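Next up: the structures, one after another.
Here come two complexes built around chain A, the first alongside chain B, the second alongside chain C.
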Partner chain A sequence: GADVTMKCGSMDWDAAVTWTANGTDIDESHLNGSYLILKNVDLSQSGQYSCYEGSSWHLKYQTYLRVGTPPKEPVLKCRSNNYPKGFYCSWHLPTPTYIPNTFNISVIHGTKDMVCEKDAVPKNRCHIRYLQLFSTVKYKVTLTVTNALGKNFTTLTFDEFAIVKPDPPESVVAKPVPNNPRRLEVSWQNPSSWPDPESFPLKFFLRYRPLILDQWQHVELSDGTSHTITDAYAGKEYIIQVAAKDNDIGTWSDWSVAVHATPWTEEPKHLTTEAQITETTSA
Partner chain B sequence: MHQLSKGLSSPGGCCARSLVAVTAARTMAAAGSPSAALRRRDLCSRGIRLAGKMRADVVDLLDAYVEQQGLDASASVAAVEGVPLAAVERWDEQTGTQRLLENLAAYRAFRALLAQMLEEQREQLGEADAGLGRALAAVLLQVSAFAYHLEELLRLESRGIPGEEGDEEEDGPPPPPRLSHFERKLRGLGVLRELAQWAVRSVRDLRQLAKPSPATGAAPGLAESP
Partner chain C sequence: GDSWGIFTFLCAALCNLPALPALNCSEELGAGQSIQQTYDLTRYLEHQLRTLAGTYLNYLGPPFNEPDFNPPRLARAERVPSATVDLDLWRGLTDNARLAANYRAYSRLLCYLRVLDGQVGTAELRHRLAHFCASLQGLVLSIGGVMSSLGYPLPAGPAGPPAGPPGAPAAPNDFLKKMDDFWLLKELQTWLWRSAKDFNRLKKKVPPAVVTLRLEARGF
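Right after this comes the complex of A and B.
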């Protein structure tokens, strides 16, 4: 939206010049003498601008124009998926600025400044180790984003328990139970990011439904990493997911990857005369 | 008979060094024996359930208290003198004995604080707030029960149970500071919030205590000389 004026190096105003943008000649209507005037620039006008002297075609000036926007308020979230070790904060901009941005994050616990160590990957994330546990004092995280056109910031305030959210359970497996047409055996593992499930046990929430129906059945399990569904519809394929939560604090994880399973069904009898004679009785 | 052991409520206080002789009637098997280990696990499991129930009731009480007293639930309350802070550094490095002693000191302090809150409640509001008073009394009862439960665990380890602070002072404990009505409300908020944190911490502490130690089969950190 801004206007841009480019001078052709040390050339006089009335010198004869040719401007190019990314190698393409720019129409004379954009020139005011030897000055290039771009009004109300948009993103497509980013690129390399060059100015050549009249007939000799000597390059007199070159620059790279980056069209961008000042940053909008960044989106910040903080979460502890490895309680009680610490927590991480991650951020992003709601809309791109198209020019480089720098992010600065500060974390305060009461009056104490804490260092949030930047992760190598992903770049927009940092992590903090808890120095204290069971504190009622809130944490205040401020993220500031700055670029050549402006700055913006956002703040999050939370207490230790509120941001605890484990990763979903892993290795969810669902198997039919032989000779049981209404059962499915489901098992899973604690998320590997949860450091100490023995001292900080997780509880689980299982949901399942046949593919043909929309309504989920739910089961909450306060211990163990397996469960047998006993009310499955015979012969119907099921979709099953599990979520986890610390037994005492925080919120539920996202749902695990969905697994599919169909309860055991009796082998269909072959419709041949031989089969009719040699019928086998199933258990 | 009981000596005072001061500094129990301060984190990292010299709990292990200030233990006292106890006059408990029960003769327990040696701390490392299988029956003692089973009893410890049983006491820990029950303690975990007690603490879990206590926490749920404290959270409900907190909601009722905030509403009745017209407070802002998100108000920051500065650390109040005499309220044991649940916050602890290097929690994972604490010994079993330290955990028990710090818990016991905290719940004894909460017992006194809640009793004081209950009295103030009755003085101010009389019958108008019987529900809140009943809820406070119920939590006070659970806090007392939990303190006793912790004493049982300490006895199991043949550990001396520290005398309560103020036992030997002839004039009794100092009178509580004169606070305004509003200051008392805020203080109450601080007490209940810290109690809620302690209830969570206690569950974690007892789980640590219940863990068998790989070598001796005894709980970690408890088999140590006073």
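Right after this comes the complex of A and C.
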């Protein structure tokens, strides 16, 4: 939206020059003497601008124009999926700026400054190790984003307990139970990112429904990593998911990957030859 | 005046917890079971505290009842026992040390709460506080019971807060007094969260069978 004026290096205002943008000649209407005026620039005007002396076609000046925006307030979220080891924070910009941005993150715990170690991958993430557990003092995380056109920031303040959210349970498996047309056996594992399920046990929430219905059924389980569904509709394919939560603190994980299973059904009895033929033709 | 001195006196007077009755082996209190009960009690108290703290902080008024209120910890607040602990240290605590830390903390917190009860304004608050104190006393006794059944001695020392050093800063004004109350509730909340984890750890390590063996070994 801004206006851009480019001077052709050291050339005088009244010199005869030709400007190009990404190799394409620019119309004289954009010139004020030898100055190039771009009004109300938009993103499509990014590119290499070159200025050539009129007759000799000597390159007198070249520059790369980057059209972008100053950063909007960044989106920051912090989460502990590996309690009690620590937590991580990740961030992104709600809209792109189209120019390079640098992010700076600071973490303050009471009066102490803590270092949030940047992750290699993904780049917009850093992690902190807890030095102390069961802290009454809140953590304050400030993320500042800066680029050539401006700066913005956001802050999150939270208690150690508030950001605990495990990853979803892994390896969810659902199997029919032989000779039981209304049962499904579901089992899963603690998320591998949860470091100490012995001292910090997880509880689980299971939801299931037949594909043909919209309403879920729920079961909360405070112990164990398996459950047998006993009220499945015979012969119907089910979709099943599991979520995890620390037994005492924090929030529920996202739902696990969905698994499908159909309860055991009895094999059809042997039919007479005629009936078999009918079966084959109608299959 | 020396309100801190009065505070300490009140606490000493209010905090004569009854001596725990010697465990009768015929009661057959499986430690595993009473650890579970103690755990359940901490969860119950944590829920109760949420309502109590909400009401109390509203009574204190802003900024104490604002969710973003994040004051710096003043030195005076160190009187309240803190649940905060180094991670490796916490992991390495022996069962005895773990239980003792909980016992000591809640004994002192109970004291402070009882003093609060005497000072607080509204009838509703007094009622809630009294109810909470009764439950908290139950927790202290429950922890004591677990310790006794495992053969650990109860932590000695005054159940009340230690007398401050001479010239210890009294709460010179209303605001600082409210800050003390704020931190008391915060520490209480954190302790209840910590205890859930402490008792989880104890649950795994002390199955009922162990206790039976111990009682036999001691010739009961």
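Basically, the second predicted complex is superposed on the first by the 270 of 283 C-alpha atoms of A that agree within 3 Å, B and C clash if a C-alpha of one lies under 4 Å from a C-alpha of the other, contacts with A are read in each partner's own complex, and residues count from 1 in each chain.
Assume a residue touches a chain if its C-beta (ideal position, glycine included) is under 8 Å from a C-beta of that chain, and two chains touch if they have at least 3 such contacts.
Since we're looking at a predicted model, the values are computed, not measured.
Colleague: Mind checking the superposed model to see whether chain B and chain C fit together on chain A or clash?
Modeller: clash
Colleague: Looking at the overlay, what does A:F161 touch: chain B (first), chain C (second), both, or neither?
Modeller: After superposing on A, A:F161 lies in contact with both chain B and chain C.
Colleague: Based on the superposed arrangement, let me know which partner A:D248 touches: chain B (first), chain C (second), both, or neither?
Modeller: A:D248 sits against chain B and chain C alike.
Colleague: A:F200 in the overlay: touching chain B, chain C, both, or neither? Say first, second, both or neither.
Modeller: In the superposition, A:F200 touches chain B and chain C alike.
Colleague: What is the contact status of A:K140 with respect to chain B (first) and chain C (second): first, second, both, or neither?
Modeller: Second partner only, chain C.
Colleague: Given the touch rule stated above, what does A:T111 touch, chain B (first), chain C (second), both, or neither?
Modeller: After superposition on chain A, A:T111 lies in contact with chain C alone.
Colleague: Does chain A have more residues touched by chain B or by chain C?
Modeller: Of chain B and chain C, C contacts more residues of chain A.
Colleague: Touching chain B and also chain C: which chain A residues?
Modeller: Dual-contact residues (chain A): 84, 131-138, 161, 198-201, 248-249.
Colleague: Quick one: which bits of chain A touch chain C in the complex? Just the residue numbers, please.
Modeller: Chain A reaches chain C through residues 84, 110-111, 130-138, 140, 157, 161, 198-201, 247-249.
Colleague: Within their complex, state which residues of chain C touch chain A.
Modeller: Listed in rising order, the residues are 43, 46, 68, 70, 72-73, 82-87, 90-91, 183, 186-187, 189-191, 193-194, 196-197, 200-201, 204.
Colleague: Using the touch rule from the top, collect the residues of chain B that touch chain A in their complex.
Modeller: It comes out as residues 52, 55, 76, 85-89, 91-92, 193-194, 197-198, 200-201, 203-204, 207-208, 211.
Colleague: With touch defined as at the start, can you tell me which chain A residues reach chain B in the complex?
Modeller: 84, 131-138, 161, 198-201, 248-249
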